[in-house]
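To keep things simple, chains are lettered A, B, C, D, E and F as they appear, and every chain counts its residues starting from 1.
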Amino acid sequence: MCLALPARVAALLPDEMATVDLGGVRKDISIALTPEARVGDYVIVHVGHAIGLLDTEEAERTLALFAELNAHDAEQDTQQGAAS
Amino acid sequence: MCLALPARVAALLPDEMATVDLGGVRKDISIALTPEARVGDYVIVHVGHAIGLLDTEEAERTLALFAELNAHDAEQDTQQGAAS
Amino acid sequence: MSIKKDYLRPIDFKTGRIDMNHGAGGRAAAQLIEELFARAFENPALREGNDGAVLPAPPPGHRLVMATDAHVISPLFFPGGDIGALSVHGTVNDVAMMGAQPLYLAASFILEEGYPLADLKRLVDSMAAAAREAGVAIVTGDTKVVEQGKGDGVFISTTGVGWLPPGRRIAGDQAQPGDVVLVSGTIGEHGVAVLSLRESLEFETAITSDTAALNGLTAAMLAAVPEGSVRVLRDPTRGGLATTLNEITRQSGVGITLDEAAIPVLPQVEAACELLGLDPLYVANEGKLVAVCAPDVADTLLATMREHPNGHAAARIGVVTEDPHRFVQMTTRFGGRRVVDWLSGEQLPRIC
Amino acid sequence: MSIKKDYLRPIDFKTGRIDMNHGAGGRAAAQLIEELFARAFENPALREGNDGAVLPAPPPGHRLVMATDAHVISPLFFPGGDIGALSVHGTVNDVAMMGAQPLYLAASFILEEGYPLADLKRLVDSMAAAAREAGVAIVTGDTKVVEQGKGDGVFISTTGVGWLPPGRRIAGDQAQPGDVVLVSGTIGEHGVAVLSLRESLEFETAITSDTAALNGLTAAMLAAVPEGSVRVLRDPTRGGLATTLNEITRQSGVGITLDEAAIPVLPQVEAACELLGLDPLYVANEGKLVAVCAPDVADTLLATMREHPNGHAAARIGVVTEDPHRFVQMTTRFGGRRVVDWLSGEQLPRIC
Amino acid sequence: MKYIDEFRDGEIAKALATKIRAEAQPDRRYHFMEFCGGHTHALSRYGVPALLPDNVQMVHGPGCPVCVLPIGRIDQAIGLALDHGAIVCTYGDTMRVPASGSLSMQRAKARGADIRMVYSPADALKIARANPTREVVFFAIGFETTTPPTALVIRQAAKENLPNFSVLCCHVLTPSAITHILESPEVKQWGTVPLDGFVGPAHVSILIGSAPYEGFARDYRQPVVIAGFEPLDVMQAILMLIRQVNEGRHEVENEFTRAVNREGNLAAQKLVAEVFELRESFEWRGLGEVAHSALRIRPAFAQWDAEQRFDLAYRPVPDHKQCDCGAILRGVKRPTDCKLFATVCTPENPMGSCMVSSEGACAAHYSYGRWKDIAIVPA
Amino acid sequence: MKYIDEFRDGEIAKALATKIRAEAQPDRRYHFMEFCGGHTHALSRYGVPALLPDNVQMVHGPGCPVCVLPIGRIDQAIGLALDHGAIVCTYGDTMRVPASGSLSMQRAKARGADIRMVYSPADALKIARANPTREVVFFAIGFETTTPPTALVIRQAAKENLPNFSVLCCHVLTPSAITHILESPEVKQWGTVPLDGFVGPAHVSILIGSAPYEGFARDYRQPVVIAGFEPLDVMQAILMLIRQVNEGRHEVENEFTRAVNREGNLAAQKLVAEVFELRESFEWRGLGEVAHSALRIRPAFAQWDAEQRFDLAYRPVPDHKQCDCGAILRGVKRPTDCKLFATVCTPENPMGSCMVSSEGACAAHYSYGRWKDIAIVPA
């Protein structure tokens, strides 16, 4: 539904606030909804609030799945390329 | 002291107001301080209020005095003109 | 799917208002330009819709004159005119005061969010009519929209370009002792017309703004007398006649002595000024000019001005003097003598 | 009594502020022009203090180009620039996009009562520096003051004039199917730099506005390839690259197909746009240009652009197609295809 | 951008497309509804449909919070600004949604309404503190994602006992909307809208978890794959849905494991429960009155509830007669089925809410997808 | 303009000038103080001094309401706008009077103070009605002319029970100022300022009548001629004063019979007495504290008295050290005696209040009279 992005917690601030970093861009947001967030964590930022944490292990797992698919596909491509 | 001008009452309005005319320019002012003002009267207008009435007879008297002076003076002028 | 027109629904010029979209540079902005500005100002350069307008070069030997003015008047519509016409006249006149023939205008609009499109259209149509009448084309433009409370309805900046014939030099520093000072008509109408609508000052008067393009008048004047004999031309706008004359004495290093009795002022302008505690000498004009000329052409020039509709009440009002203090002085109608200084500060209605 | 200087006390550029007097056309206004504008922009035409500037005629055979823009940016100072420099670059670029050499600027200021004179001086100095760098002279100007709450600090309208060589036609309607679309560098920096300071959006970034004069770049480009082979030049300002390309397809009656992967965008600009829900294709640039050229000169032109400091990241981003619908389409980096429409409405940060 | 760019990789997209083409059976049609506007936007912006075989079709759902906002609610927000003189704070997305009397919040602003765009509800609080003599109302819209931040500001206002702040609460609930669609006659009985599965919400699910979908996956026998908002997420989810269809399964699967678990954000859920309670019914644009589909502010916080504070009555207003938003939001029609699409109704002059946000089905198709409606002229 | 133009006739002026030259005895000096700024302005604007013989000299008095306003009062008005957030309504004349800290009302406005120029006190009332959530203060300055209109608005506010309107009353009294000057050591004892007569107030006298001057004409043996503000009025008054001097009389004469009688405007006097009472003392710029020289609002109207409402304390602030306004207002010095005149102090950057209003002695001389300071170069 709503625009939200993973960003790295760069610093914890008073009042349940934190500075997050997204590709070099920094913004102060509220972490009141994710009190467990620590520096280095990736949080999902939505309307100025972290609404959840990103599980980096799961992210890597998903990416690995894609990579596998790609490797497999690249193979197929090569085969197709040879065929066409 | 303060800027004030004689203007003719052109119309009486409700709420102790009146329209005055000064050389064709019309403005609505308060006549609360000169309740005796009537259409045709000249009032002295100051900060949007009539602060007094102009006595037109006295005005004419003063002007007549000036005119006399001028006539007298014109005479003198003529004499001087002849002399110079 | 058939090919669609660019703008599917025409702009609502009845009840619509300017919103932020009209200034965002997207389709709404392009539509406003096409359906309002390009249509009203109609000319090939503008219609092309490029970043700028391509204009022909001046005739051989001619130079360019360029002048600009921002227009920020309130109210936008006033007796005798509106900001649209004014923005054409103001800049056309500045080009004409250099002795040049004004030909092309650029116009940039700063619109306040919420301004009624019906009023904008009226202004733009009036601007287009003023340009046609003055013989100038509005060849390029720009439109920005600012949030409500960050503008004042409509601001219009115009820049004019015109051709200046070879060898002509008309400028504020050309006045010489002995020269004659002329004015093209009665002064103070524009300022009085605008003030008459100001909240808390409101008064009723038959006075209308004198806003007009003066390039026709200047062309007639310059054709009537030998090159070089018209030294200065200037339109006494903000600050009025008094300020314009002080500018000239400063630039030329001379003095001017005025004859108050010779300065034409309409009786209603006098009356309104009395009422507000203003001096007509400091009240703005938008369709008058001051000319400083050599004494031997003054009569011819005055006669030429009086033959022109924009100069029928022209008058000889003073002479240029030698004066290291560069004072403008005046023999009063009363027979006294005084300095006529620059406008100092704002022209605030004097009350006490 | 000795002869007094015109302005006895210099303007207080440390703690002073613009007040209504500065716009009233009297002595305070004249003093501001003399001590601020004339001093910063220093050139003979302006120094004369006449109603307009007299400029030399263009070389034989050359035509004039005239362009104007109103500048209303908020905040007035932003990373990498300010409204002063921007107001020079914006208009210089519009003249340059016509293939002309920009030479003269007119500038009109609308100042809000209360604006600090120290900031105004900074802006004006920056404007003067930008003009010097771009090789243009600010030859005439105007200043108005509006009451607090009727403006937004400073608005600057500039109008530029330049010379266009014989036979040159560069315009939005010249694109032909088969032509190549180039962009002079990374897009979106200006818009992102400005948004980074907007209240309630504030974010920290190293991105600075790309505001720059592009007349040097266009001169180099036009010198490098045969006349006629550069069809269109345009600076993708408000509405961004997407809107500029749609303008071109509309004017020329063609389509354009872009290759998203080829469009240069700085990573921080991408990140900031993600954060705000914006698309860099719609974000404003102030120092970039789009060129449409004949396919056979594309490589030469690209190489020339890359040699210039304002074009070092230039890229070939698309081709012109035949398309009665005049769509700009794009092959996405992802491998998909989509329309790249006009900016519709304001570029509002998308949140949901 | 880490954890973003990787999910936009064109090479992997090609591989996924190949896989989808390989696994989608040519004799079968796959109609999947992406519930969320976020998915609609991703599909359009990245041009995903061009990568799908013809028999895999995406149906836009009602998950664009701007699109489902009924006219009557926008009217309330405008009324607060125009009639009550309040400063109304709103997300930028709602500014152009058509309201009654040819108005929108943007046009109301042009008529003098003090309407301010905010990035976060916390900004509305700041505005209230900075304008103590003015009423400041936050126009709270959105699904479960946007609700917890609203709850935070209400709790904060109560803590500070801020006297001039209130919230016009229009938060709606995802699961009830999905149920409503599945219960709609077209889908349930007439079979006119054959839906073969759902791409489940990404960010909503971060908050509510995947469990809420299990009931209707089971009851309505619909496969659901929760997916992230990046284009690869969507493609992967499509692949997973194809597989469920092919295998006759109807389960809740989670493609978005990096952010969504079964329970969701418990801290946020607790907060929402503290501040809000269920409404008996709420009008959605397109769906009409939907039971138990929205939240209202609990009586304990009544002072900060704009509906209570200003004694607002809700007045439903019918949509433009020819606007098909309703049918489009229910997945019954496509934008091009609407007579007004791209003729009277364009993003500059939206007649319905689906033409407003780039997450709206009509706007997305207009801005990104129109090339598909015409024969492409080869370059 | 009837009853105006006739009194500006240049021909009659010439005649009057001849008469004055004829009657002024060459071996005598005539120093007349025009009390009113209105007379100062008329003298300057019409260039009257050029028509007078050298031994008839006009001395400017303290009758410019703007000039006698002490810094501390302007500070109060500015403070109401800047510190109390009030809308302060004022006559245009006060806008540029120097206040503390390099401020003026105009500069305070440029710093965000909501200061509005009005033409009439009634406009301030209108502003108060139109801005019910704001405090609106009318900065009431002036002599007996301006006082009755102020009384009217205070009475009206009380009638309407207007809750957000008040008046900062700085109204001062003419007779006490004249007495104060005649009592000043320079005039009374040292004889350094030989005053031979007074041109008495025009419009003030419409309100208070001519009677109030009778006491000091008698006690201080000073001729007084009440004169209108048109230039012929002033010249005629000068002639009448010359005659009194020549004849050794010291009477109150009335040149302005068309508007002034012995009693004044009784209705207005009654109103003023109803609303105002005498202050024990009031600071005047130039004259310092002057006993019984000003009015304050009666306790019955305390609610509309800004001094009471905002609990204002008066803090006197010394003028610029080198500014000679004080001495000029007492008639002891002329503008050109001030070191700052036309060097540091100009109408654009007034250092003292006399350089502000065109009724101020310094401003009038700067703007109209400077040509007299230099040798005129023949044209």
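Operating definition for what follows: a contact is a pair of C-beta atoms (placed from the backbone, for glycine too) under 8 Å apart; a residue touches a chain by one contact, two chains touch by 3 or more.
Bear in mind that the values here come from a model prediction, so they are computed numbers and not experimental data.
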Touching both chain B and chain E (chains): C
Chains in simultaneous contact with chain D and chain F: C
Most remote chain, CA-based centroid, reference being chain E: B
Chain pair whose interface holds the most contacting C-beta pairs: C-D
Far-end chain from chain F, centres as C-alpha averages: A
For chain C placed onto chain D, the superposition rotation in degrees, Cα atoms, nearest 5: 180
Euclidean distance of C-alpha centroids - chain A vs chain E, Å: 22
Cα-centroid distance, chain A relative to chain F, in whole angstrom: 76
Between chain C and chain E, centroid-to-centroid distance (C-alpha), Å: 55
Length of the line joining the C-alpha centres of chain B and chain C, rounded to whole Å: 37
Residues of chain C touching at least two other chains: 4, 20-21, 27-28, 267, 270-271, 274, 324-325, 344-346, 350-352
Multi-partner residues of chain A (each touching 2 or more other chains): 1-3, 5, 22-23, 47
Set of chain E residues in contact with two or more other chains: 1, 4, 9, 14, 37, 64-65, 91, 106, 119-120, 123, 142, 146, 346-348, 370, 374
Inter-chain touch pairs (all): A-D, A-E, B-C, B-F, C-D, C-E, C-F, D-E, D-F
Chain D partner contacts - residues on chain C that touch it in the complex: 3-4, 6, 20-21, 23-30, 48-58, 60-72, 74, 93-95, 97-98, 100, 104, 106-110, 139-144, 146-147, 149-152, 155, 157, 159-161, 164, 171-173, 234-235, 237-239, 243, 247, 250-251, 284, 324-325, 342-347
Residues on chain B engaged by chain F in the complex (per definition of touch): 1-6, 8, 22-23, 29-30, 32-35, 42, 44, 46-49, 51-56, 58-59, 61-63, 65-67, 69-70, 72-74, 76
Complex contact set, residues of chain D against chain F: 1, 4, 7-9, 15, 17-21, 27-28, 31, 113-114, 148
Complex interface listing, chain E residues touching chain D: 1, 4, 8-10, 13-14, 17, 37, 44-51, 64-66, 91-93, 95-96, 106, 117-120, 123, 126, 141-142, 146, 231, 346-348, 357-359, 366-371, 374, 377-379
Chain C - residues contacting chain B, complex: 202-206, 267-268, 270-272, 274-275, 277, 350-352
